[in-house]
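Chain IDs A, B, C and D follow the sequence of writing; residue 1 opens each chain.
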Amino acid sequence: MTLIRDLISQGLQMLLVLLLAPLLTGFVRKLKAQLLRRQGPPLLQPYRDLMRLMRKDVVLAETASWLFRIIPYIIFAGTWVAASLVPTFGSGLLFSWSADLIAIIALLGSARFFLALAGMDVGTAFGGIGSSREVMIASLAEPAILITVFAVAMIAGSTQLSSIAEYMGSSAVGLRVSLGMALVALTIVAIAENGRIPVDNPATHLELTMVHEAMVLEYSGRHLALIELSSQLKLLLYVSLIACIFMPWGAAEPRAGSLAFAVGAFTYTGKLMACGVLLAVFETSIAKMRVFRIPEFLGVALMLALLATLLRFVSGSL
Amino acid sequence: MIWPALWSVAGLLALAPAAIPLAMYKRGSAVVYGASLILTSTLCMVAAHNLLNLSHLAWSVTLPVGLPWLGAHFRLDALASFFLIVVNLGGAAASLFGLGYGRHEQSPGRVLPFFPAYLAGMNVVVLADDAFSFLVAWEFMSLTSWALVVSHHREAENVRAGYVYLLMASFGTLALLLAFGVLVGGSGQYDFAAIRGAHPTANVASAVLLLALIGAGSKAGLMPLHAWLPLAHPAAPSHVSGLMSGVMTKVAVYGFVRIVFDLLGPPEWWWSMVVLGVGGPSATLGVLYALMQRDMKRALAYSTIENIGIVFVGLGLALAFKAEAMGWVAALAFTAALLHIFNHAAFKSLLFFGAGSVLNATGERDMEKLGGLIHRMPQTAIAMLIGCVAISALPPFNGFVSEWLTFQAILLSPQLPSWGLKLIIPAVGGLLALAAALAAACFVKLFGVSFLGRARTPVAAEAREADRFSLAAMFALAALCLVAGIFPGLFIDALAPVAKAMVGNSMPHQASLEWLTIVPIAESRSSYNGLLVFTFVLLSGSIASVAIHRLASDRLRRAPAWDCGYPDPNPAIQYTADSFSQPIRRVFGTVIFAAREIGDMPPPGSASPARLTVETHDLIWETLYAPIGKSMTFLTERINILQFLTIRRYLTLVFVALVVLLLVLAI
Amino acid sequence: MHGLEFDVAHLLAGSLVLASFMLLYQDRLYALLNVYALHAFVLALSVAWQAFVQHAPHLYITASIALIFKAIVIPVALHRIIVKLGIHREIETALSVGLTMIGGIGLVALSMVVMLRVTPGADALAREDLAFALSVVLLGLLIMVTRRNAVSQVVGFMSLENGLVLAATAAKGMPLVVEISVAFSVLIAFIVIGIFLFRIRERFDSVDIGALDRFRGESGYDV
Amino acid sequence: MTFDALTALLLIPVVAAAILALLPDYRVTAALNLLAALFTLITAASLFVVQPVSGRYLLVDDLNKVFIVLTTFVGFTTSVFSASYIGHEIEIGRLTPTFVRFYHAMYQTLMFAMNLALVANNIGLMWVAVEVATLTTVLMVGIYRTHEALEAAWKYFILGSVGIALALFGTILVYMAARPVIGEGTDAMVWTVLVARATQFDPALLNVAFVFLLLGYGTKVGLAPLHAWLPDAHAEGPTPISAVLSGLLLNVALYALLRFKMIMAACEGAIAPGPLMVVMGLISVIFAALMLYRRRDIKRMFAYSSIEHMGIIVFAFGMGGALANFAGLLHMTLHSLTKSAIFFAVGHIAQVKGTQKIADIGGLTVTNPVLGWGLVLGAVAIVGLPPLGIFMSEFLIVSSTFARQPWLTAILVLGILIALGGLFMRLNVVAFGEPKGLTKPAEASYVPMFTHLALVLMAGIYLPPALVAGFSNVARLLG
């Protein structure tokens, strides 16, 4: 019985993230437009885009290989699984133990690995630019987030997201310097990983400044749709990750009643909106960087994360 | 139980001289490789059987050869069994690959005799149970591999590589010899049993640790003693390169483990700091160097340095925890190291085989001259891709599991009391994380530049798929990478007796957990389930594709590449290997390679081409090795005058010697 | 009687050392040869004296060899060679004569210390004779080292060997003395050196070893 | 003196020498030379079966038995090699039949002298024998009568005779030390008696004596800084002589030194000769190892490597102790086998290429595989890589001394490493890479070379117990 319920909640979660992801993106876009005194696209625009892309033919470059065609599915699958393992409205998902935080990050890593390969497959100049910049960013962002995870995991005594969430929700955790540092680091990484301003601009096709867009330049139709969707999933994932680590309030306990779930769902949407607003404000209030300023930007995250870990090492209380 | 192993080794040794006449015949190579395939598989099975069943008791035997009054002691215990598996797995794969690859060898007479001898040498190192046989086998292994490195001796740099290699190898062997000299003293009790019983004092033990680290480290390719590795490994024929990188470095690690964990007794706490201090930087620097290479095999060789670094980090952690008597964590770290040894043996051999197939098909090792091979050699590409994903430590493949375990061990290290470790371990953790990310970048580059995109040269465009033996070898290893990735629990359990023997404790039994999850410490703390992750990804991916093809469109048109409207038919427009790694070089290079980019952009109107020149320095070589060479030149130059004195001057030498000695007596 | 034995023995041995110093002092070939003849003569005397005191008739053979052979035949032969090869008469020395003398004195002192101070155990007569013999040997070496000219080096070597014979004879009742002296004088001093001088004569116009030593073993190519 | 194996050992060479001096045709003489060497070998081997009685002049014990057999064996194999070598020399007219006659006579004389030095029980006799051996080799080194050969011989002769003189002085001093105890006459020079009574000798006098003996016989051993004659003599003489010099004569001189070391060891109060030997050994090792790097002449290079190995051996004996002495003896044996094998290879190579200059030789493993790989194998053996025997002796030396004298042993190890670097730097050029110089098939006799190498290989894997037992006894005697 409980097993079935858990299965359901897990399935709900998977569907939920899938459905919420475009909405979040749309919300942020809308908000940005509003902040810029523009009308902006309707909230549901992303869904329409996806639908339309799905229905269009795929126009495949002649030089593209079979790998190019399966990569979108790999990326989508990886990101989706990762996203569905992050607790959203309720912790203690059925399969949460199948991959801990490190594994989730690694899953995203493999998605990125294949995305970078896709960029190089057709053999165009821009694809190469995109991939090489992407791996450069990743080579700094990944250690940053891993070390952040170390810090958090050492505080919570676990790399298991649900246990971390429970610990963070409990009273045992006070206000800690290392946690603050970890939060900042995680945010910076999240911005970089999702290719938001100031690292990358998801809305531009100005060739020389783009990273993510350059890699997917050759994609079209359903492939492109999948890639868009997975990047939206990724954004959602990071937001809910921050949410579940740093604002674990209100999430439903495992085996809790449906009321608790309702509460959890409500608070969760609240968190999402809050993060979305913050993101939009941040993005509108700052300009895009040159590509070679990015390492410094990420370096900050790396340093903060290391510092947090170090503090954690040398003193249990900080 | 040990006899079949010894007989197979003897068979390999006998095969070596037999191969000399066989090399003359056309089918000779097939015979040699076939035979070594059979023998190595036998050894592998024997060892596996021993490790899985009654490995807690060790089999030992003494043969009346080697040192008189001592004899040659051989012993097959848990540790030896595990490394036997690693060695012979690689050996069998290499032999299988060689069945096809060997056909293209232009001078088989220089490869065939040494190949089985080399395998035998590595096996004997693992089996040896006294210092003399151990060192004999150790140096014999170096010697035979040296012969294989210089097998293509007409390229001058191969001979040079062999020279550097032999020097470093002998250096390492002499270091180990001194280590045993310290351990044994004048007593002449060279068998490990006696050494184990000796209980050396703290200072002696520390000296041995350092000597062992130098000796084994130089063979394993730890920085800064790695200089020979990127020269020698690529120079050998590719299946041998696979053995050298994937297996021989592990044999070196075996030497270290055997001496430090087995013979030395309880460790001092600061030992781990030394090991970690060497391992962490090796990991990161190794992969950074790898990123800067254009030569496929050389990049692979450097990445070996990285993985060895990771292994030594694991061993260092194990030492630290063992010293603090935290047995179960020590077991975790040690198991992580062993598992990584196994995994690396699998995917590094696989990658070298792939590089070898490419080399065969195109005659090129330089990535800049390849590209688009995925169209010409699809199967090789699949195997290679799996290898790249695995070595980049990405789930659901095996590389991820061992690094994950290492991270778990690091996460437990705040409990260590000593402050030195408290400061060094986070740094090492950071270095590992960096190494993992950079490794991914490195292998995106390796695979992307050489296999994806468009062919940059005619040879790459005309490449032909590898033969069936090579493919069989590669796919076998690829399958192994996947299996070890999704059923890690089984492998961890298999390693339990080894950890038990070496650190006195073993990880909790994994296979009994539901869904084949692995839980290093406690369910609440951390767990990973490769199988589930794999099925999830597989399911969701296929669901998505099916759904989309059914409900939405499945139509597809071919068209010229879009490329923002500037498509260019010239393949030279593609990103090259160097340009790919340029951003990372800009980030790390200025410090680590003292890299400088000099670009001169001609003024508008001038017809001269703009050019960008990049100069990088191998700082380790320039600060450590070059000075030695220089001083040797200087010294020999000076001392050589003594060849050209007049007889009178020589007499003066004699005279002075006489007077000095008399003075010594008189005073 | 015993006192006399000692004194005469010492007198002769000492004068042999003196003769070595004279050799060291010479800078003209002919004079060098003459002094060497004297050196050999003194040796012959002391050997004869030893033969007399030790009642060892076989030593007389050694003495006569020394007399006839070293004091007469060899100097004459070398004289001939010098004339035949037209070697100019001066001896180029590597070290100025003065310094060589000082060095020689140092050597004598050294041998005295070694033989007398360090070895109190052995019996007196032997030790003192040995001390003189050792200094003769060392002086002979010194001559070989400081002279740049083959003939004078040969002379140095022969004086060295005289020292050996002195030691051998001083060693009471030592067997094989005769054989040794024969071996030395006949075998080395004459035949082989003779052969070599002539071989070398065939090839060069001088026996100046400097010419020999142009050979650098590998001078054929840059080293 | 009754006629037994001992006298035969000395008579056969002498008679052979006399006959060889008379016979004109070189084929006959070569064959006869070979035959004589074979008989000597057989006689020597018989020593293991029936041990002849040792008298006041000759003796046979564990120590010299091994050396006699080794000497006669290498002497025999070398005569096999020299047969084919000299044949070639006559074809190209480098040697005239007269000189070949002389050469063979001298060869047997040399054998005689070395056997005598080994079996001599009287230190005076031993001195004479070593001296005769030296003089014969001087004559043989000069046999080509080229400018270089004569100068090498002259250098050898001068330095050698000085060495002889010093050695004699040392011998006299030993007699002086022995006389008060043993009394006048021959007994005071009989080694067995000396060792037996050494306890009562005046130690100080023995010290002085040993200084002279060390320098005197050390010159023959080729210890730096007394080595000067050795490289040129090896490089300029006929290759069989280089083989005999490196393989045997150095050993014989060292053997003499060991005899005296045993006397020193027997007399407590005398400074242990160890430190002197250790220091000279180390100097020789490092010096020779560094000299290897600048060599242009292949024979001279291996001559320097001989100096290096003599240094190692002297170091081992200087260190003393059962293990080190055992290792030293083993190293002596294996070195003479290996080095002579190398010279066999080098001799044929030089004949094929028509030069000894390393710069003009290349890619031998391609042009003359057997010779080339033979040389590689020899080099591998000589730098002490397993599974060949020298690794075992070096292993024992280093591992048994390191605990006692870490720094000295570290220096030794450094020297070994440097030597390896030097030898292989040249070997790479000679054996590998693009072929250089003349390429013609070698009409060579490979048997001696590979016999030696096979023996060395066997020693690295399995030592016959009889040998071990003998060596262990001697090692104990050496203290």
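Assume contacts are C-beta pairs under 8 Å (C-beta built on N, C-alpha and C of every residue); 3 or more make two chains touch, one makes a residue touch a chain.
The structure presented is a predicted model; accordingly, all values stated were derived computationally and were not measured.
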| query | What chains do subunit B and subunit C have as common neighbours? | reply | D
| request: Just list the two chains that share the greatest number of C-beta contact pairs. | output: A-B
| task | With centres defined as the mean of C-alpha atoms, identify the chain lying farthest from subunit D. | result | A
| note | Per the C-alpha means, the centres of subunit A and subunit C lie apart by a whole-Å value of 99
| message | Based only on mean CA positions, could you tell me how far subunit A sits from subunit D in angstrom? | response | 78
| message | I'd like the Å distance between the centres of subunit C and subunit D, where a centre is the mean of that chain's Cα atoms. | response | 31
| How far is the middle of subunit A from the middle of subunit B, if each middle is the mean of its Cα atoms, in Å? | 35
| Which residues does subunit C have that touch at least 2 chains other than itself? | 114, 118, 141, 144, 153, 212-213, 217-218, 223
| request: Would you please write down the residue numbers of subunit D that are in contact with two or more other chains? | output: 154-155, 158, 162, 207-208, 231, 294
| query | Residues of subunit B that touch two or more other chains: which are they? | reply | 640, 643, 645, 647, 651, 654, 658, 662, 665
| remark: Touching pairs here come out as A-B, B-C, B-D, C-D
| field | subunit C-touching residues of subunit D, taken from the complex the two chains share | value | 124-125, 128, 131, 135, 138, 142, 145, 147-148, 150-155, 157-158, 161-162, 165, 168-169, 172-173, 175-177, 179-180, 184-186, 188-189, 202-205, 207-208, 231-232, 235, 294-297, 300, 357, 359
| remark: Interface with subunit C, subunit B side, in the complex: residues 640, 643-648, 651-652, 654-655, 658-659, 662-663, 665-666
| remark: Counting only contacts in the complex, subunit A reaches subunit B at residues 54-67, 73-74, 76-78, 80-81, 95, 97-100, 102-103, 106-107, 109-110, 112-113, 116-117, 119-129, 131-133, 135-136, 138-143, 146-147, 150, 153-154, 157-160, 163, 205, 207, 217-218, 221-222, 225-226, 291-292, 295, 302, 306, 309-310, 312-314, 316
| field | Residues of subunit B that touch subunit D when the two form their complex | value | 64-69, 131-132, 135-137, 139-140, 143, 150, 153-154, 156, 159-160, 162-163, 166-167, 170-171, 174, 177-178, 180-182, 184-186, 188, 190, 632, 635-637, 639-640, 642-643, 645, 647, 650-651, 653-654, 656-658, 661-662, 665
| query | Which residues of subunit C touch subunit D in their complex? | reply | 114-115, 118-123, 126, 130, 133-134, 137, 141, 144, 153, 157, 160-161, 164, 167-168, 171-176, 179-180, 183, 187-188, 192, 196, 199-200, 203, 212-213, 215, 217-218, 220-221, 223
